[in-house]
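In what follows, a structure is listed as structure tokens, so that the remarks can point back to it.
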Amino acid sequence: MKQQRWIRAGWPPIVVVILVLLLWQLAVTWGNTASWLLPSPLKIVTEGTTDMPRVWMHTLATIKIMLIGFVVGSGLGLVLASVLHIVPGFKAGFYPLLILSQNVPTIALGPLLIILFGFGVLPKIILISLVCFFPVTMATLDGFMQTDRMMYNYMLMLGASKRQIFFKLELPHALPFLFSGLKISATYSVMGAVIAEWLGGGQGLGYYMILQKSSFRADREFVAILVIVALSLLFFWLIALLEKWIIRWNVKRSS
Amino acid sequence: MKQQRWIRAGWPPIVVVILVLLLWQLAVTWGNTASWLLPSPLKIVTEGTTDMPRVWMHTLATIKIMLIGFVVGSGLGLVLASVLHIVPGFKAGFYPLLILSQNVPTIALGPLLIILFGFGVLPKIILISLVCFFPVTMATLDGFMQTDRMMYNYMLMLGASKRQIFFKLELPHALPFLFSGLKISATYSVMGAVIAEWLGGGQGLGYYMILQKSSFRADREFVAILVIVALSLLFFWLIALLEKWIIRWNVKRSS
Amino acid sequence: MSKLELKNIHQSFPSKKQTTMVLSDISLKVNDGEFVSIIGPSGSGKSTLFHIIGGLLMPTSGEVLLDGTPVTGQKGLISYMPQQPALFPWRSIEENVILAQEVAGIARDHALAAAREWLPRVGLGGYEKELPHVLSGGMQQRVSFLRALLSPKELMCLDEPFGALDALTRQEMQAWLLNIWEQNKRSILFVTHSIEEALYLSDRIYVLSNKPSTVLEELVVPFGRPRQEAIMKDVLFQELRQHIQGHLRKEVQHDQGR
Amino acid sequence: MSKLELKNIHQSFPSKKQTTMVLSDISLKVNDGEFVSIIGPSGSGKSTLFHIIGGLLMPTSGEVLLDGTPVTGQKGLISYMPQQPALFPWRSIEENVILAQEVAGIARDHALAAAREWLPRVGLGGYEKELPHVLSGGMQQRVSFLRALLSPKELMCLDEPFGALDALTRQEMQAWLLNIWEQNKRSILFVTHSIEEALYLSDRIYVLSNKPSTVLEELVVPFGRPRQEAIMKDVLFQELRQHIQGHLRKEVQHDQGR
Amino acid sequence: AQPNAGATASPSAAMTTAASQAPVKKLTDVKVVLDWTPNTNHTGLYVAKDQGYFEQEGLNVQIIQPGEGGADAMIASGAADFGVSYQEGITQGRIQGVPIVSIAAVIQHNTSGFASPVAKNIKSPKDFENKTYGGWGSPAENAMIESLMQTEKADPNKVKIVNIGDADYFTAVKRDIDFAWIYYAWTGVDAELRGEPMNMIYLNKYSDKLDYYTPVLATSEKMIKEKPDLVKAFTAAAAKGYQFAIDKPEDAANILIKAVPDLDPKLVMASQKWLSPRYKDDAPRWGEQKRSVWDNYANWMLDHKLLDKNLDVDHAFTNDFLPASSK
């Protein structure tokens, strides 16, 4: 029965993915789209297997900085949300900075980061963290604001300290929001890593992609894109799974 | 009293902004940072006022596509979330596509959009919408999932149709989540517009910025960034205000 | 013909370790226009029974019949007042009252007019436009009660409708409910914790045992209609009360042993 | 010296149109080791009064004294059971029970041991590890009650602790509370809707009028301790009951006029 | 390093051989940042690294690909010691006070120009009339088109200019665009490989002023002032690298392919063969820059209001670090 449920839950995404690939293949084949513009899935897969070892190497490099960036970023996001929530006045005060952090374009920020931190992995991690922290912070802050009024009042009456209210009530209550933010961040983290790799350096899917693009190798460029999408999906599902595992009290439907 | 509250709420962000600008000015002045790398706020403001008319024109262009993109994107995001939530199987099925939509880098997507839709405003709107819809969809979907169990059961017992449950319960209940998503989207929308302007076209802050960068006018580049940040802030606050105005039942603290 | 009939309802909930049997072979019925009460220890499964009648839960086994047709698992056929008020926080009081009517497809204007007419009668005049969070517990319960009362269904299932009311307001609401019921004779299934309330209001009373719950006794209340509060002082009333109490006492004491 | 003293408490809530006066010049006290009940119509402001005592609300005017020192607006000094259970859905039953103790700084192990010892006594043995949503309304109320009972504060404020319990479970809990109280004589302030309950349990009873609420009467209950349930059949008991009921009836009828 | 290096007995080679025999000389770390993704403009650098020319000069060179921000800021700020840049960038940058200096011209003549699919029939600037140009929105492009068209007395106002942003030539000409500005060595060669013939209008064919250096090797003023020896060593090794690429295009291409395996080998090979003879071209030695070229282009820019003041040409470039002679 458990297996059946897996199959039941598993088929819709598989069907959709297959459908999309099929449509794509047909569009390319019949639509006469030039393959240097939009290669067919078949071509991409063929190319991907041919260039496998290098793609794999680049993928590993990307996964590494993505994971570090995501963990640092969303960890920071949670801490930041907590601090902004707990310290009065901070939230209003720091909103402008939060928004600022998302609105300095990479082309302006990148050179500054590199000049400050060199060509190593640090500026990349910073960039990915910058991408990842924001949805987490925003969603978690909103979560804190939504704390159940009755429970909050009860905690106040108990004489709970701010700290106790935070850890015993607000934080667990905001978990669904936190995960909402984490899922958004997880989705962005791979792209964040790719963009960070454009900062420079000689490996990673971002590097590979831009190189292929500049040699007009659309097929290989799309290999990179496919890997990126697959990575994000995987990562997203991992976070979603974690959510299911942690948030178990919200059994909604007794159907 | 009302005025006092405004002043009370207004000062933390103002203080922080002033502090940051001050620090920046000092860092540039004392740190001997070359002004072609990071111009001082004073220089930026001076330059901004000098080049005012052109900056203003570009700002208007950006605001226009940003607004259209945001409205289309987040409207679509809400509709999409609703459809995915209501139609069984769709949610699981379409997650991969949602994630895909966020993981095709602009450098690959841009050319495709241009081939399909030309160099006009349409591909830009599409790009901005693509940026904006995602946080809205994800947050709203999570909101739908968090619907209060007791109320949901009550609606079921009443024999409410899926439609009724959706409009009378799930949608209003998910509003805080929706706004959480909208605020994230609002923050991204300006950057989205700037990136979209790199797709081509001869106006907008993105265009202005890249042009200034290529002629090493860091001061003007930062004028553009400052305007971008200011726009985002403004837009974010607008959405936050709207949220406060719409979600009035969640009076949390009777203090 | 009976309005509602439950046939051999069993219900068990799977839990981490073992499965808890909550209802064990419950059969009961409510005739057309009859006022039937259910009394039982806390946690015996009364609310669960209502969920089954309302179609929210599929019973592990057994059948629900409404007007003679099997409706097990069908929703939207009864008017229901849940144990917890479950008011929608974003709706004003009057909008909360009309919710059940809205869902049943009654025109909003019409429903609102009715709500505004009835709210003062449950002591909530002047609160029409307020949001639920400003109401006291008892006031919320009255809103929830009114919502069920105005729902256009023939069978009303009320889960402890007056639990959060003070003795006097409660008596008033009882008298008032009785009055309404005697006028239009809807069928009512009523869960209460007060034996007096059950005796005062009902035609028949089912006494449930502790978990797993069975029908301990079915008791026909021998008082005529219309009833006055005075019957509460009747000797027979007191005797019946003692009788039911005795039954329950055994149950609850038995329970303590677990 | 009195444990708790309220001096001329006024409370009004600003609303959209006008300001509603809820409490008007309430003064009352609870002596050391005394069991005091408050009875009043639904919506008269009993829960509001508790919020003021607990420091959640600053009264519009008036003072709260605990052990003679003014503590208006200070929180965390009393043990409190809210009208709605307010259980934390992500905590298991036993973790919910120890919440108040945790906040008061009692070691978790110690608190858990106490919770596990007491849970079976309120009929919830075997539910220690379950989440609150599997409990029935009455069971949740008992959890909330236990949570307040185990809180290490000298004054206990209970807001309708037994409202959702059936008659028998209720009697049992009453007897049991009385027993505990007689053993360690904590001071108790008790809101109830049942006049019998108030008479059976309390040393003194305050009867509140309808909104704006004033103390209609302060009544000393003349029965000795320890008390038996048998006193409920006492003639004096019935007379007192009638007396209070009469008071309230006027209030509630008066209220209908609005 | 593989000492299979060209054992050509030049004085500098003799000197470095001696140096390499000295007991383990410590290498100086040097960062070189490219202008964009690695391509045949950079072959000499990769060759110099692969063949050990840098090492012989006591340098441990790391070649870095820049981000979207380009290399100039990295070079000028010292985040990278050397880099690849363009004459137009250095000109504009210096006007804005960016302390960057060109130390060698990678290619002697401007290989860029306006390309269009043959079918569009654009053979000379006058054919631009009533056609659509796809660019990135820089005023320099307008000026460029204007200049070219004026030589044939055509009306530049009849050209429609569209900003195509990041879209490349191949994408652009598929959609509304008739011609675009490209470097032949890469895009043009790729078009050849794909069999999409194009008409190419080289800038320098129509105006000497537009025969500027692109790309160039550059460094910062600070490096020149503080570490002239290092600059000299670097330039010398790079010159050897480019000389190798001039002499052995195929070997050089293979070195580049090996160093950057993700590149398309066919394109690299074809591009290298096209480009190798053009590195030095008619100059007396690789890397030589003429004052007139800098002056011409700066004046042209000034004439077209692309600069707001005169360029101090003499500080913008230097030949001082190029090896004294080259064969």
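Order of writing sets the labels: A, B, C, D and E. Residues in every chain begin at 1.
Keep this in mind: a residue touches a chain if its C-beta (ideal position, glycine included) is under 8 Å from a C-beta of that chain, and two chains touch if they have at least 3 such contacts.
Source: prediction; values computed, not measured.
Hopping across touching chains, the smallest step count from chain A to chain B is 1.
Two chain pairs, B-E and A-D, are compared here, and B-E has more C-beta pairs in contact (counted per touch definition above). Averaging Cα atoms per chain gives one point for each, and the point farthest from that of chain D is the centre of E. Averaged C-alpha coordinates give centres for chain C and chain D that are 26 Å from one another.
Separating the centre of chain A from that of chain D, both taken as means of CA atoms, is a distance of 50 Å. Put simply, the C-alpha centre of chain A and that of chain E have 38 angstrom between them. Contacts with at least two other chains are made by residues 56, 84, 133 of chain C.
The set of chain A residues touching two or more other chains comprises 37, 107-108, 111, 115, 149, 153, 210, 213, 250-251, 254-255. Each of residues 69, 73, 77, 168, 171, 174 in chain E touches at least two other chains.
Residues 69, 72-73, 76-77, 89, 92-93, 95-99, 134, 136-139, 161-168, 171-172, 174-176, 306 of chain E are the ones that touch chain B when the two sit in their complex. Listed in rising order, the residues of chain A touching chain D in the complex are 150-151, 153-160, 164, 168-169, 172, 175, 247-251. Against chain A, in their complex, chain D makes its touches with residues 51, 54-56, 75-78, 80, 82, 84, 86, 88-90, 99-100, 102-104, 131, 133, 151.
Looking at the complex, you find that chain A touches chain B at residues 9, 12-13, 15-17, 20, 37-38, 89-90, 92-100, 102-105, 107-108, 111-112, 115, 134-135, 138-139, 142, 145-147, 149, 152-153, 176-177, 179-180, 183-184, 187-188, 190-191, 194-195, 209-210, 213, 221-222, 225, 228-229, 232-233, 236, 250-255.
Residues of chain E touching chain A in their complex: 31, 33, 36-39, 62, 64-70, 73-74, 77, 79-80, 168, 170-171, 174, 186-187, 190, 194, 260-264, 267.
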